[in-house]
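These notes open a run of structures that come right after.
Each of the next two complexes has subunit A plus one more chain, namely subunit B in the first and subunit C in the second.
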Partner chain A sequence: MANRKRLSNTQSSSQARKHPGSSMTQEDDDDVTFTQPSTSQVQRGLEKVTEAQVEQKTAEVVQYFLVKEQKKVPVRRADLVKHVLKEHRNIYPEILKRAARTLDQVFGLKLVEIDPKNHLYILINNLEPSDGASPINCPADPKRGLLFVILSVIFMKGGVVRENVIWNLLKKLRVDPGEKHEDFGDVKKVVTDEFVRQRYLEFVRIPHTEPVEHELRWGQRAEKEVSKTKILDVMGELHERDPQSWSQQYREAHSSQNSTQQPGSSSQR
Partner chain B sequence: MNRARGGGDEEAPRQNGSAARRRGDPPLSDGDDAGSDFGSADLQDTDNDPSLRREIRSKYRDLISSVQQNREDMLSPTNNRLTEVLEEANKLFKDVKQAREAALDAQLLVVATDLGKEKATQLFSDGAAFDPAAFAEHLLSIMGINRLEDAEDEQQNGSDGYLPQDAWQRVARKTECCFKAAPSFHYMFGSFHAEPPPPKQRIERQRKAPSKEAKRIMPTQLKKMDESHQEATEKEVERILGYLKSYYQDDPTSPISYYEFVIDPNSFSRTVENIFHTSFLIRDGLARMYLDDDKLPCIAPVEEGEVEAGISSNRKQFILTISKKTWRELIDALDIKDTMIQPPNTQNE
Partner chain C sequence: MSRQMGDSHRRFLQTMMANGIIDEQGAKALHQHCCETHNTQCAPDRLDDFIDTINLKLQPMFMQIRKGMSEDNGHQYYALVNMVENDVTRMSSDYADNELELFKKTMDLIVGSEDGKASSTDILNSTDSMTTKKLKKSEIEHLLNRLVQDKWLSEKRGEYTLSTRCIIEMEPYIRAMYQDQVKVCHICHTVAFQCQICENPTCGIKIHNPCVARYFKGRTEPRCPACEDFWPHEIPEVRRPRSQSRR
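Let's look at the complex of A and B:
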């Protein structure tokens, strides 16, 4: 019943990863993708602690993730080990596995590793999105709107965009990076600093440009959290066109998103 | 060498100025090959002419800045501006003899090729063209823009119409479905603190206590004040009564002249005080005054038994006026040498 999360990929401590943390469901004890040493160490480690201790640590890890996710900043494995696990680092994989299971079963959140090299984790919503507007009647965060605009432009333009394209577009929407905006404050900072730290965007310097220019791409979190097909759907609605008419983007959306798409959610598959 | 390459120009190698200049242009001849060995600079006079060198460099710089500044313009697929710039540079390059100018030429090429690459990407991904401007227009209608009738209202962001307060929230709402974002975790009711109330109570009690004490202190002080006043007078009256009685007991038959009793030959003010205090005795019925055979007033204490009788009988009033002159006359007339009532300060108690 319970979906064993993609989590299982994230457990081996320092070994090279085979899958970049994307969706593969696995059986609990089938340590096929694990590298062996960590598992046996885990076994040994587990013998030395009581079940209560393991549960305690699991609960702490779950809380840590939930709180960190408020600000949408990814969790670093090193921080997790240092601040929460402390002396129990040897059973880290087991604890993380249990934490992921709790997050999924209790909160409906998926623990995803967005950066296999640096071991960064985020939580995304594991529940099937409802059709139409969300039933939660909380006021929408305007920054999400801004983020959508930027991500969709980047996507529609092939995945990379020069920063000026974004700034010009925003100006047309009455958002001037040079001025303080009512909803966003320092827009430039929100885009180039906050969204980058949250891993929604990447803001990279283009070499040899004078004055210095940057380009914007999707960040690691966006790759996992945002659905390209859905973006195309919204675009189709806005422009009153069939999403398939953007052939290249359509292909891109369906090829890379197959593994992370929610089953049965969108009409285009 | 990329001589024959058409549109798809990626990172052109930046070695020779001439090599990467082909962008579908007919191959240029002449000075190109000569330019490929700019390492060996000619040292002839014409080549070293400083003003010519400066001119070339300045033209290169102009070209570079024009590319940088008109970037959007050059990117547009509708014109050939970029090509023109390159042709211009080609012409300049014929005169390049020294390393400095060649370096500028190389810099121009870097800038131009970047642009070229971007133009190429535009071509590539615009198989299904996406126009940000149209996108912006559609977004504005989602946001609920109000286009004003008056074009005069230019202060609103320079273009017509203004956005409602919740414009961006509308966009967010509409596009929520694209995100699988985890909802932020917050405790439902938050934690509560039990601390604030106790300090308040303590403060109130403390305030009340001092005020009561303060009040208590006040009355006691006041009583003392009043008493001292009254006491002084009463004591004085008592004292004078004592004097009167003792004088009377010394010689009950001999009447005590009133004037002799009250007058203090040494002090007029003391005399007045004595008169004042003696009047209390008479008022209270503790002494009586009468006129003797010479029609002079005399004073005598009232016997114990007579007190009540004296009060019930008709009261008479006696008003006495005294001035300093009268006082001296009385002293002389009655030959008063010494005061019968001693001043209180001189007494030993």
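Let's look at the complex of A and C:
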């Protein structure tokens, strides 16, 4: 008989702790506590469900990820378990494995855990951006350009900048954070709210500043999705310099290469 | 005849997901672009096979890329749809309960109308009988804009119609919900909102405006295909897709 350990929540945000071999709690309060089931538990669980049920749950998990990804909101494992898996939480690892495979094989999207502690997932694109322009204009594009500029500046300046640096730069590019912009609307909100929620940027208060100032860093999604090598290439072209001439940034770009490596498939790009 | 799914299919699918709906020409261009990007052979007339390959993989997720006609210009469109038949579930993640209720009321008005349109005034008035939390006038206007932006409704001169994407996606739901009330086109057999009706009281068949244009093209004396009575309505012009030039 497996030990039933009661796990308590430490904070309001639910954090799942890994206890291999221990049982799961069946608590159904708002903060779902979820323990990763052991391999043997998963095996036993799989014996009790039909293949059709497993496929059904996989499909629901895939749908859930796609819906969240549309809004660029990371998926919390706890929510996935509570809202989608429900009574099938004991075969969670198997379902997640299948969902990841489907997302990869059908949609060309990679499931990535950006926060191993809090178990947050995002989807990143496995397909490289195509060289030629797509004949179909994607509605979200202008903001990507804005984001790329900001990420580039932050990266080139060592990974963190005070907010004023960004606002001044944008003003020079005729994107005034104080005014409503034709393509971006409330620029400040896009940068400090939308991009932060999507985990592209971190907007953190600098302590002891009066009036309050913030600094900007790369967010977890940017770390996974955006290629620092590419930024250096673009900078190199812009300034007509060899990317290697920025030795520090070059080292940084090539040390974190694994996380941004996009495993394209048969194409030579 | 479906091949293995490759990166060209995935790229196509990703674009469909980002856009929701694209016209036939766009789809053909996209097909070509995807194949070229991934150095795959592309046969232009093989678009439907290409899409079949994708659809086979989408089926377990209750998703499909479906083709349908715009009631506005008669052109063919491809839309990525959810296949859940029994409700407007696709929208429930983006809209609150009372917003969904208003959308359904708008749909009621459109289905019940003769011309497939609902005026903003009528929509506003319909909120008097809402069972969920009532929406204010400004909220309704904002909501209608959102519905148009999200491609569920189309708007022209203050009148709202169901968008092409909405019709393609919700056809099964509409047929089930409005069984006897919903009009069906005699020519193409899909649901019809903006259509013409045979005036013969014993006949009364409906034909989409663009289907009328195609069916009666060049005929000096248009006659109802079912009862052969004179077809009294104005025959619209066939609308050619943008880059097609025909003399």
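Throughout what follows, the second predicted complex is superposed on the first by the 208 of 269 C-alpha atoms of A that agree within 3 Å, B and C clash if a C-alpha of one lies under 4 Å from a C-alpha of the other, contacts with A are read in each partner's own complex, and residues count from 1 in each chain.
Just so we're on the same page, contacts are C-beta pairs under 8 Å (C-beta built on N, C-alpha and C of every residue); 3 or more make two chains touch, one makes a residue touch a chain.
On a predicted model such as this, the values are computed, not experimentally measured, just so you know.
State whether A:Val106 touches subunit B only (first), subunit C only (second), both chains, or neither.
The second partner, subunit C, only.
Touch test for A:Asp242: subunit B only (first), subunit C only (second), both, or neither?
In the superposed model, A:Asp242 contacts neither subunit B nor subunit C.
Report for A:Asn125: first if it touches subunit B alone, second if subunit C alone, otherwise both or neither.
After superposing on A, A:Asn125 lies in contact with both subunit B and subunit C.
Once the shared chain is lined up, is A:Leu66 touching subunit B (first), subunit C (second), both, or neither of them?
Both partners, subunit B and subunit C.
Output check: A:Asp193 vs subunit B and subunit C. Expected answer is one of first, second, both, neither. What do you get?
A:Asp193 sits against neither subunit B nor subunit C.
Between subunit B (first) and subunit C (second), which does A:Glu55 come into contact with in this model arrangement: first, second, both, or neither?
Second partner only.
Residues of subunit A touched: more by subunit B or subunit C?
Larger number of subunit A residues touched: B.
Under the contact rule defined above, give the subunit A residues that sit at the interface with subunit B and also at the interface with subunit C.
Correct list for subunit A: 66-67, 70, 107, 109, 125-126, 134, 136, 139-140.
In the complex, go through subunit A and note every residue touching subunit B.
66-67, 69-70, 72, 107, 109, 122-126, 129, 133-134, 136, 139-146, 148-149, 152-153, 156-158, 160, 162, 164-165, 168-169, 172-174, 182-184, 206, 208-211, 224-227, 230-231, 234-235, 238-239, 245-250, 262
Can you tell me which positions in subunit A touch subunit C when the two form their complex?
For this pair, the touching residues of subunit A are 55, 58-59, 62-63, 66-67, 70, 102, 105-109, 125-127, 130-132, 134-136, 138-140, 264-268.
Quick check: in the complex, which residue numbers of subunit C touch subunit A?
5-7, 10-11, 13-15, 17-19, 22, 26, 29-30, 32-33, 36-39, 54, 57-58, 60-63, 93
Which residues of subunit B touch subunit A in the complex?
Touch list, subunit B to subunit A: 68, 71-72, 110-111, 114, 118, 121, 124-125, 127-128, 130, 132-140, 142-143, 157, 162-163, 165, 168-186.
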